[in-house]
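The same chain A turns up in both complexes below, where it pairs with chain B and then with chain C.
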Partner chain A sequence: MSDAKQPANRVIIAMILLALPALHGLALTSVQPNRIVPGDAYRLMEIVGLGGALLLSLPFVAVLWLAWRPSEKRMRVIFVINIALLMALPWALALFCMSFVDADQPYARAGVGPGIWTLLFLLLLILIELRTRLQLSKGLQNMAAALVVGSLSLALISGWLEPLALAREYAGRREQFAAAVLYHLMLVGAAVALSLVIGFLLALLIRRLTRLQTPAFSVLSIIQTIPSLALFGLLLAPLAWLAARYPLLADLGVKGIGWAPALIALVGYSLLPMTRNTFVALEEVPPDVIESARGMGMSPWQVFSQVRLPLALPVLLEGIRITAIQAIGLAAVAALIGAGGLGTFIFQGLGQAAMDLVVLGALPILIMALIVDAGFSALAAYFRRGVVHD
Partner chain B sequence: MIELREVSKLFGREHAVDGISLTVASGELCVLVGTSGCGKSTTLRMINRLIEHSAGQILIDGQQIRSFNGQVLRRRMGYAIQSTGLFPHWSVARNIGLVPRLLKWTPARIEERVTELMELLGLEPATFADKMPAQLSGGQAQRVGVARALAADPDILLMDEPFGALDPITRETLQDELLRLQSRLRKTIVFVTHDMDEALKLADRIVVMNQGRIVQQGTPQTLLHEPADEFVESLLGGADRGLKQAGLTRVATLMQPLDPAQAKAKADLPTVGVDDSLRLALSLMLWHRCESLMVTSEDGQPVGTLAFHDLLRTAP
Partner chain C sequence: MKRQAGVMRIGVSSLWAWWVPLAWLVALLAMIQIMPDGEDIFRQIAPDNRSVIYRRDDFLTLVANHMAIVGVASLVAITAGVGAAVVVTRSWGRDFLPLVAQLASMGQTFPPVAVLALSVPMLGFGTEPTIMALVLYGLLPIVRNTLVGLQGIDADVLEAARGMGMSAIQILWQVELPLAFKVIVAGIRTSVTINIATAAIGSTIGAKTLGDPIIAGIINGNTAYILQGAILIALLALCVDSSFERFSRLL
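Coming up: the complex of A and B.
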């Protein structure tokens, strides 16, 4: 790699110029004596004093200086500083909790303020910029991720973060939380599985009966445009009627509210991306490959199972990925009709103006979506690798 | 042997192929040539029942193709197409072994056959067996396509413009290779192309098609000497015909045996191979601005001379 100086990296400079005022000007943390009483917000100066504040500005100023005349080497130094800052963040919070939250008050709690969220966001943006600029090996990227996650996990296990409001909210709802995560996953899993089966069959059907194509996609698009709450409402009456009419359904737990309408609505929303991607995936297999498969004397089933389906798989997985991520988010709304899941915390938190409870519900949803995204992307890339040369 | 008797194909009301009759003898390389949309590809695909014929009879070794199951029929015929149609998710070796696997050969026998075919087509097995099609050049991919068509040692080979998408040099190499293979294997080959030069070079017999009908069929020489109509003439390149014919004739047919007394005096002449075409000889004369060439045998020994006025004699 050449070590020639390049023009200043404006992205990183802009991020740091935003980060510095956030570090000093915004409230980083807050302390509440209990859940109800509004807390006191703390800025950096109030936590560590002028000297400390200047000291903590140093890494940011260093990055600013490095980004001014960036070279391959300097960008790597920025990467190391960035990872170090992300690793240090949970421990800084732990230190804050130790010195500012009264250990004798069991309900006292520390909140994470807008300053920290902003800094976190800006640091992640810098990471994304560094990833595009530097050709970082997969191993190095994974190691950096492991360091940050490891540091956070260690801080959580140590118990020093217990005074955090988020942890307090979690501590009071351990079992509920585990059940909600499981329920959320089950709801999403069932919706994705069902829509995969239905979407797949539907895609096969409209490949056969081409004149159904336009009407089928129109109907699926219309379902997609119904607001989720309205769809839940629309399902309430017919499901209640069905349950009243057929006791067997009622015994299965089908009611106007609960998992049944949630699942139906989720499947409804999932059908469009699932069917469309399956359809496109199967259609886009090169016709000459199919032609030669038939010409070699493969049976229609062999052509489908050995050629068309494997070649369609990457695009098909893409459909499952999009559908799953969409369902993870939508399932949160289903809490409103008593379907449970992580949405329960979000709506409870909104009702009680307890933002940390909202975060307790939203954070796992975000993490789930990220994991599903990464997992299916990797899977699709794996199946694609055989086709496109490596 | 392949026989077509009054075969037609209708797409809707359109006659894609209109009552053609054609016999391809065993071991013959028959080239269907014509402009695009003339029905030559349709004819080819009717033979392996990728397309069903609407009327007439198609017979393989005297048996109606309708009496066979379509898949069984196709496994008995090799099929190679322009874009190769290799399965992009399978390695080269697996692609070649496709039909043997469909025929449920034992894995050991398949592997042996695949290696044999790769060597036959000049694809080093150790290098190419595990490559994916996307890693191959156009010429290599087409070799794999031909190897795949030959895999189960079919008597009949159907080839639909297999070299159409290749650059001229690679195309020429593969044409030579096909002729070399054919002289060894003696398959019954139906070869579709729109390139008359390719047809003249490869064919035992050329079948010219236009608008679903056969306009003329015969050996390349017959076509060049007696084109049936203006259409065939224009396909043959009109005024270029002299050169095309020269391209089909070997230097050996017109050369004068070497007079040992003159051998020394003519040692400085440019040389041409005994198996090269008259077209090449003419080109060499034009290039070197000379009226005669030394003809050398395969091992480079002078065996004769060829003078410009020799070219004007009719081939015996």
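Coming up: the complex of A and C.
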């Protein structure tokens, strides 16, 4: 490991120069006596006093100093400090809750203020920067992620974070939350599965009937262009009419409001990325590979299932990834037309001006999107590597 | 010379080439004009409701407001997004390139609704927070595409420009940005399309947009309102998107 000094890392320095004023100047937390009454905001000085504030600035100043004359080793130290700060954050919040929220008042709650969100964001940016500058092994990255997630989970399980407003909102609707997450996932899963089947068949069809290519893609891109709220609205009237006309459909739950228009719209949106990627994936397989497979005496079905499909898999997975992420967001909008899912919390929260309820709905959606993104990217990378090795 | 020829071509066959966006525009204007008088038709869709035409604001106002919100947000996002991408591709800003590039691609996995919703606790209700959220989200595809465009330029081209004695500013304006223009426009198109859709949802946080009739219709169980809002939003989106499509073909 060389310890040669490099020029100052301006990115990390800039982040710390933003983080320090956020740490001291912005409200880190707030305390509300109940859900309705606006709370008192607390800054760092008001929480830990001058001495504590200076003490808590130390790790940031240390990172600043290390980034000024960075070396491989110093950057690794910054990485460790960063992870430690992220691990400490939930416990700092727990300490705050213990000393500032009156335990005898069941409705009193602590809010996470803009200061903490800003710090969190800046720390994550530093992590991204470190990841590109340092050659961190996959194992180390996973370990760091596990430490941060583990620390947060432990703090949540301990119950010390219970006075957090977000936790209070969750505690009030534990079952609803679980049902909403499940429902959201089911809606997204069903949409992705359906569009995978339809998109695949459509792609196969337009590969045969080349004349249909342009019109098919035009129609799909028109659907994709129509804003989600409008598409839900446009489906509402015909479905309501169908349900009124055919009671059997209504018994199945098909009506203007609910899962039916949501699922149809989600599938409609998913068809363009799915069909396009399947089409491109199948099209891009080099002809000479197909030729040689045929030359080896493979039947058309064998060529398709053993050569064309495996080679097309990475691009196909990319299509599923795009579709799934898009569907996670759109399913949230679908809550407006009564489709349920996590969007329900968002719009309920907006309606009641209960911001923590909004966050309770939006945060899991973000996390879901990130997990799906990371999962499919890893999967596609894995298959791509497999192809190269063969 | 080449540019001249392009202008000529637009001049001669312009109307015909633009027939798709024009058709959507005509349909949009016609709907704005006709729908308030379509009581009989909408009565059949929502027979049980007392009022079947959304009249809290007239449709033209809503369309104009929607366009204004998207327009302002897009202008800010274009300026900031192209600016940021240019800064991080200069030699003095290159330190920030990996971070900005990663952020722009990672940020796009965040659903726009979630961004819109999370902006409320920070910024509050109303039109300005909606615009802020649209700007934040709209930045990402523009930054990403501008980076792709600028980085895709052949190093030899830049070398040649430098060899001709062009200054850094001249190279940026006369070589880099024109060469990347097509990719940048594609990013702007993505950004604007998403913003039109997200602005409609902005109704739920108090912005006056074409989402209003839909939200009002959902709350009051009035399918006619919903349909009116949905038709206008859909036509507006199709009109704007097909204009971009047409425009990018000219490049």
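Here is the rule we use: the second predicted complex is superposed on the first by the 388 of 390 C-alpha atoms of A that agree within 3 Å, B and C clash if a C-alpha of one lies under 4 Å from a C-alpha of the other, contacts with A are read in each partner's own complex, and residues count from 1 in each chain.
To be clear about the criterion, contacts are C-beta pairs under 8 Å (C-beta built on N, C-alpha and C of every residue); 3 or more make two chains touch, one makes a residue touch a chain.
In this text, all values refer to a predicted model and were calculated from it rather than measured experimentally.
Chemist: Specify the partner with more touching residues on chain A, choosing between chain B and chain C.
Modeler: After superposition, C is the partner touching more of chain A.
Chemist: Kindly classify A:Val307 by the partners it touches after superposition: chain B alone (first), chain C alone (second), both, or neither?
Modeler: In the superposed model, A:Val307 contacts chain B only, not chain C.
Chemist: Going by the contact rule set out at the top, does A:Phe100 touch chain B (first), chain C (second), both, or neither?
Modeler: In the superposition, A:Phe100 touches no partner, neither chain B nor chain C.
Chemist: Per the contact definition in the header, classify A:Trp91: touching chain B only (first), chain C only (second), both, or neither.
Modeler: neither
Chemist: Taking the superposition on A as described, I'd like to know which of chain B and chain C A:Val11 touches: first, second, both or neither.
Modeler: A:Val11 sits against chain C, while chain B stays out of touch.
Chemist: Look at A:Gly295 in the shared chain and tell me whether it touches chain B only, chain C only, both, or neither; answer first, second, both or neither.
Modeler: Touch partner of A:Gly295: chain B, not chain C.
Chemist: Between chain B (first) and chain C (second), which, if any, makes contact with A:Leu236: first, second, both or neither?
Modeler: A:Leu236 contacts chain C only, not chain B.
Chemist: Thinking of the overlay built on chain A, is A:Ala362 touched by chain B (first), by chain C (second), by both, or by neither?
Modeler: Only chain C; A:Ala362 stays clear of chain B.
Chemist: Residue numbers of chain A touching chain B in their complex, please.
Modeler: Its residues touching chain B are 286, 288-289, 291-299, 302, 307, 310-311, 386-389.
Chemist: Spell out the residues on chain A that touch chain C in their complex, using ranges where they run on.
Modeler: Residues 9-11, 14, 114, 117, 125, 128-129, 132-133, 222, 225-234, 236-237, 240, 256, 325-326, 328-330, 332-333, 336-337, 343, 346-347, 349-350, 353, 355, 358-359, 361-363, 365-366, 369-370, 373.
Chemist: Give the list of chain C residues in touch with chain A in this complex.
Modeler: Touch list, chain C to chain A: 45, 95-96, 98-99, 102-103, 106, 109-114, 117-118, 120-122, 125, 193, 196-197, 200-201, 204-205, 211, 214-215, 217-218, 223, 226-227, 229-231, 233-234, 237-238, 241.
Chemist: Sort out for me which residues of chain B touch chain A in the complex.
Modeler: 48, 50, 71-76, 79, 81-89, 98-99, 102, 132, 134-135, 145, 148, 158
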